[in-house]
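Below are structures written as structure tokens.
Both of the next two complexes hold chain A, though its partner changes from chain B to chain C.
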Partner chain A sequence: MGDNGKSLLQKLTGFREFMVLMAVIVLSIIIYAFNQNFLTPYNIQVIVRQVAIFGILGIAETAVIITGGIDLSPGSMLAFNGVMVGLLMMWGVDAPLAIAILLVLCIVIGLYHGAMITRLGLVPFIVTLGSLSIFRGIAVVSTQGYPIRIQNEFFLWIGQGLVLGIPVPLFILVAVALTMNYILNQTPLGRYIYAIGGNREAARLSGIPVRRVLTFVYVQATVLFGISAIILAARLGQGMPGVGIGYELNAIAAAIIGGTSMYGGIGTVLGTIIGATMMALIDNLLVLLRVEPWWSELIIGIVIVTAVTVDMVTTRKRLAD
Partner chain B sequence: MEHEPILTMEKISKSFPGVVALSDVDFRVYPKEIVALVGENGAGKSTLIKILTGVYRKDSGRILMYGQEIEPRSPNEAFALGLTVIHQEFNLVPQMMVFENVFLGREMRKAGTTGNVFYALNKEQMRAETQRLLTQLGANFGPDAVVKDLGVAQQQLVEIAKALSLDARIIVMDEPTATLPQSDVEALFQVVRRLRDQGVSVVFITHRLEEVFEITERIVVLRDGKNAGELRTSEATMDKVIALMVGRTLDQMFPKQQVEIGEVVLSVRNLTRGKLVRNVSFDLRRGEILGFAGLVGAGRTETVRALFGIDPKDSGEILLKGRPVDLSSPRESVSSGVGLVPEDRKRQGLVLGMNVVENVSLATLDRLTRLLVVNSRAERAIAERFVDQLRIRTPSIRQLVKYLSGGNQQKVVLAKWLAVNPDVLILDEPTRGIDVGAKAEIHALMCEFAREGMGVILISSELPELMGMCDRILVMSKGTITGEFVRSEFDQEKIMARAVVNVK
Partner chain C sequence: MAVDKSRTWIQRVGDVREINVLGFVLVAGLVIYALNPTFLTLFNIQVIMRQVAVFGILAIAETFIIIALGIDLSVGSVVAFVGIVTALMMGWTGNNIALSAITVLAMSALIGLYHGVFVTKVGVAPFIITLGSLSMFRGGAFVLTRGYPVLIRDESFRWLGQGLLGPLPVPFVVLLVVAVITTFILQFTSLGRYIYAIGGNPEAARMSGVPVTWVTIFVYVQGTFLAGVVGLIIASRMSEGLASVAGGYELTAIAAAIIGGTSLAGGIGTVRGTVLGAILMAMIDNALITLRVNAYWYNLVIGAVIVAAVTIDVLRTRDQRTV
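Moving on, here comes the complex of A and B:
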């Protein structure tokens, strides 16, 4: 980004994140205009919890999409992980230990994805599509379709608790965001992730351990899905085999709206969070306007296409010089 | 050539953000001529041609064809006007057959069928016509060959056949011989001459000045986006042309110096992989520049790819500094002190979406890292040092490498491997498609590396380059080493003879 003599405003509008942030602010103003309840503490908390879940899922997808891959399992993992942790606690395992075991389980599943993709050479789309079915299936089978009640106070606090008036999930989101942002921007691992997405062959020929990096990317994805599942289960007070249907699309949409490119090599944590916020806001808008829930899918779809089109058009204009 | 020009480009100017690519450039093409367009990388040749063929829009100036002003706004409009370009990077669909590619977008229809898109394909006629063109070009494959199975040189012939079938008035060839083996170059020249005799003019863009003297009648030189001169080939000399291109005289093309050659740093024994690498064995010493000569397809690139761990070896032993090593992946090779500058810098050497700093540090990030954090200051310092040392022309080290010219991109790749500071550096066609000035700089750098004690392996299809730079040359043919020459024995014919030994 050399010095082209652009004004500050021109430089800012070139940043994808800035544009989406502006859209979010404008949207917020519109929602407030429709319904004052938008800014009540209760409503804001609802939005924040929503953003936390979609944000963490989106951040997980961001790293995966940057490498040129995709993970279609978040929705099912929400169900599977929620059920698993619920079962563990039902069998008497203490909450912290149950969480630890669950995260280890996520690591193993991530390693499985990584191995299928890097050793067997299977396409990420197919591998994670398989997981989408397999893990929801396991969740349903192991509960016979019934939700599992969670009564552990510590666990419930994770999803429902407040610290200084701020929902706990927000702290978790910030921690995850800072960590992933740090990894992507400051560490060689992050550089390798972008390089593999930009040109996998050149990365490999430069001595980058492509297999190891890709495996890491899928492991971090499933671990983050696990964290998100814990937050969701804690909020609901139940491990439900039916949650999260379609959430993989929301996760990917958050990343894409936030500027992550499907072609690989481009994407940021900040952008994804803003993208997740936009999606949570739209959801909230529909609720406040008392629109029937079945409209949300349609509207989210339109938003995604619009956002990507606007991005493509403005990018093409910038590059067409 | 006293006729009126078919094509006149007058006072053409074009700028991109931060760069003036062309400034008041004139370019004419006369009927029935073969004219060369030469210049260093970044001189503006590609930009001029892209304006002519509708890829870019000019900022100012006029283009006239047969006296009429034209404004080609897309490649298709250019084709319709009789202007075709054969690029260095091919526009072929790898999964399709040759005849399908040749007629892509202009598929012949069966007699009696109608419709614009939904008509029956006349495959027999397309095949026959394609075969005719392929025979004319001396191709060793047929119209049914699948493009992705063809070698680079063969794919280029498909591109040429495609252009020929478009019935162009002017064909621009951009570095057409860069990947052609010598025998095909001759055939290409014959075709070009025949085209000229049939009334088609050819614009020849090349860095191989010997070819300019062999086939062209007029030479147009560009430098830094402006006209630098125009000569009749018959009145020109190599030095005059280089002087116009570079703006100064070049002392030596191949600055080979005497370097003390030390102990053996790399030993390869019985390296085998498939049919193209068969029991290859050789030694490399410190300070030595070892050349690999051979035809396209002889197995040189395949040998170094197996050596470096890109492709798995079937068998063989490698010793580095006397100790056996298992170079089973590029990562292992890099950490063992071996570097490879690959053949295709865009596809294998650079991440085009990243900037100079990021590309230079790509192989050495682990060395620049403390406690999981990349030391960006050190990274930038290294990049700046190399930009300086290698004379990489870039507005800033944060410039994305996709905006650099070919020669400068190659220098970035070199910088990446220099940062590794390897004991052994393998260079696969390092100066292909690079202008004279940058080429000489890269040659000088190679001598530097040798002087600092590196063992250097050089693969090149240009025999003069090998003979000028190397201490020893190994010749490969069909996967085996068929000859070895020390510097005092270098002889062009003898080396070529060894290169065709296994070829019928």
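Moving on, here comes the complex of A and C:
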């Protein structure tokens, strides 16, 4: 493969995640210029916790989108899982056991998604859209709209604690990221996931167990939603039935900004985390600038479009060479 | 039963699916009626018809787009944004309905053009570009109004959203007109054939000379244009522009289309089926209120209905589907 006369800049921007990372760094500098509070330990912790939650949701979506599917349930699962774990602890179940039960519940829900999609052939959009409503509904009905107080010290530490000055959620994010990255890049399972996304029929014909792989993908998604929900509930100190509305779109946006393609077959964990960071930074910027809340929707929308457009244009240049 | 040979196999599959939805609608209707007879009073049916109109027009818009392998997540936000611009324009032009409506519809079409161009020329995924619009226009709506309603002080404008033509609410008549026109386009024009062709196999379509770019742009333009129509209807019904209306309507519209037989894999779908899907969604919406179901159960019921309707449909057409 020859040089094709590419300039140094073009070679650099060939690294997709690099582009977004640059944007993040530039953005950080701009924010700091506007408001010195940006780099205080407290604010950085706030950002880190935000990135942890959206990052884990985004990583979950990444694997799903790589296979050409989608999961619209993260927002509602945040609420449902938060409420469930809160109820369990309220009924006297100890925190570790409550978390374990919750994760098993998430596996079951993921299996339900997988079964509906692979056995009944329902499109992921509809199945997960149904779940978006159903699980939000269960969360609301079981609490009559009231949040559930969580007082378990260990549990709260998960969301609010620090280890060596670093928020616990960051460790969880790193663990999740390393695990998923390993699965996607170093295991046959990961290759199957990319293969299915690239060309499902070809994958099936080459002997890849498409059904099992897809089921796994949706199970890992709901489990990661569960983990993220635990972090969120721990941070809030409450299982709230009203949280997470619209978060599914943020999670998907983080994945897409990070380079995951809706057409399937392309995406990385690192890219998604950078995407999630960018969205958390923008959110933080708007808060620091004391911008009125409704501006954030408008600005996030513009950012998503700009980020993806820039990415498309630079990708085109690369492909044309 | 004579088979109409001019109908392609795609359309015949669509037919089968509609019987499923129709059955579901009738059964659901009977059950709700049995639980509360006021469900079928003229007044309540008119209420349902108004809601069917809103969901239906949006769902038809989505149908065109989904058949052509696209999607539009922005329609709910565009509806709200249009409502506000309408209210503002009415204020600025001294209640000139014609000018306000034309401006707003033109604006809607331009938004669709923006979507279409970005999808075809820049190559951004439809999900993302319309997701961006969902945020931009909803956010924009709030920025313009800070959440406060913008009142429309014109009696005659109310007719669109609140009036009746005989026993039928005006919005429902608008839906019927839209349905007839769009059915005509899909079934009897080359444009319609091109839309199905692109959805079935984009590359093959391109190579057979289908003007893929123009047709794709068209479906997105009609998408937001119809969202603009709905925006006018709702602004008229409420006599105000409000930034928070139509939240989540894009998902309901897409669900209605899919329940009605439109396939996210592209190339399949009918206006008939979509309208039935919209009727189902509006009926359930209304039933929850009529049956005085505890508000907390809404989400649960709607989600369960969507999944059940699509599951039943899939199970019944399993043997007949070739997709």
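Basically, the second predicted complex is superposed on the first by the 310 of 321 C-alpha atoms of A that agree within 3 Å, B and C clash if a C-alpha of one lies under 4 Å from a C-alpha of the other, contacts with A are read in each partner's own complex, and residues count from 1 in each chain.
One rule holds for everything that comes next: contacts are C-beta pairs under 8 Å (C-beta built on N, C-alpha and C of every residue); 3 or more make two chains touch, one makes a residue touch a chain.
On a predicted model such as this, the values are computed, not experimentally measured, just so you know.
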item	value
Touched partner set for A:V168, first chain B, second chain C, both or neither	neither
Partner chain in contact with A:S296 - chain B first, chain C second, else both or neither	second
Per-residue contact with chain A, leading partner among chain C and chain B	C
Which superposed partner A:L78 touches (first chain B, second chain C, both, neither)	neither
Which superposed partner A:I158 touches (first chain B, second chain C, both, neither)	neither
Which of chain B and chain C A:R204 touches, first, second, both or neither	first
Which of chain B and chain C A:R191 touches, first, second, both or neither	first
A:S131 touches, of chain B and chain C: first, second, both or neither?	second
Common ground on chain A, meaning residues reached by chain C in one complex and by chain B in the other	none
Of all residues in chain A, those that touch chain C in their complex	72, 116, 120-123, 125-127, 129-138, 140-141, 144-145, 249, 252-253, 256, 261-263, 292, 294-302, 304-305, 308-309, 312-313, 316
Interface residues, chain C side, partner chain A - complex	73, 118, 122-125, 127-129, 131-140, 142-143, 146-147, 243, 251, 254-255, 258, 263-265, 294, 296-304, 306-307, 310-311, 314-315, 318
Chain B residues within the chain A interface of the complex	16-18, 310, 330-331, 333-335, 340, 342, 347-354, 358, 361-363, 365-366, 368-369, 372-374, 395-396, 398-399, 416, 420
List of chain A residues in touch with chain B within their complex	1-4, 186-189, 191-192, 194-195, 198-199, 201-209, 265-266, 321
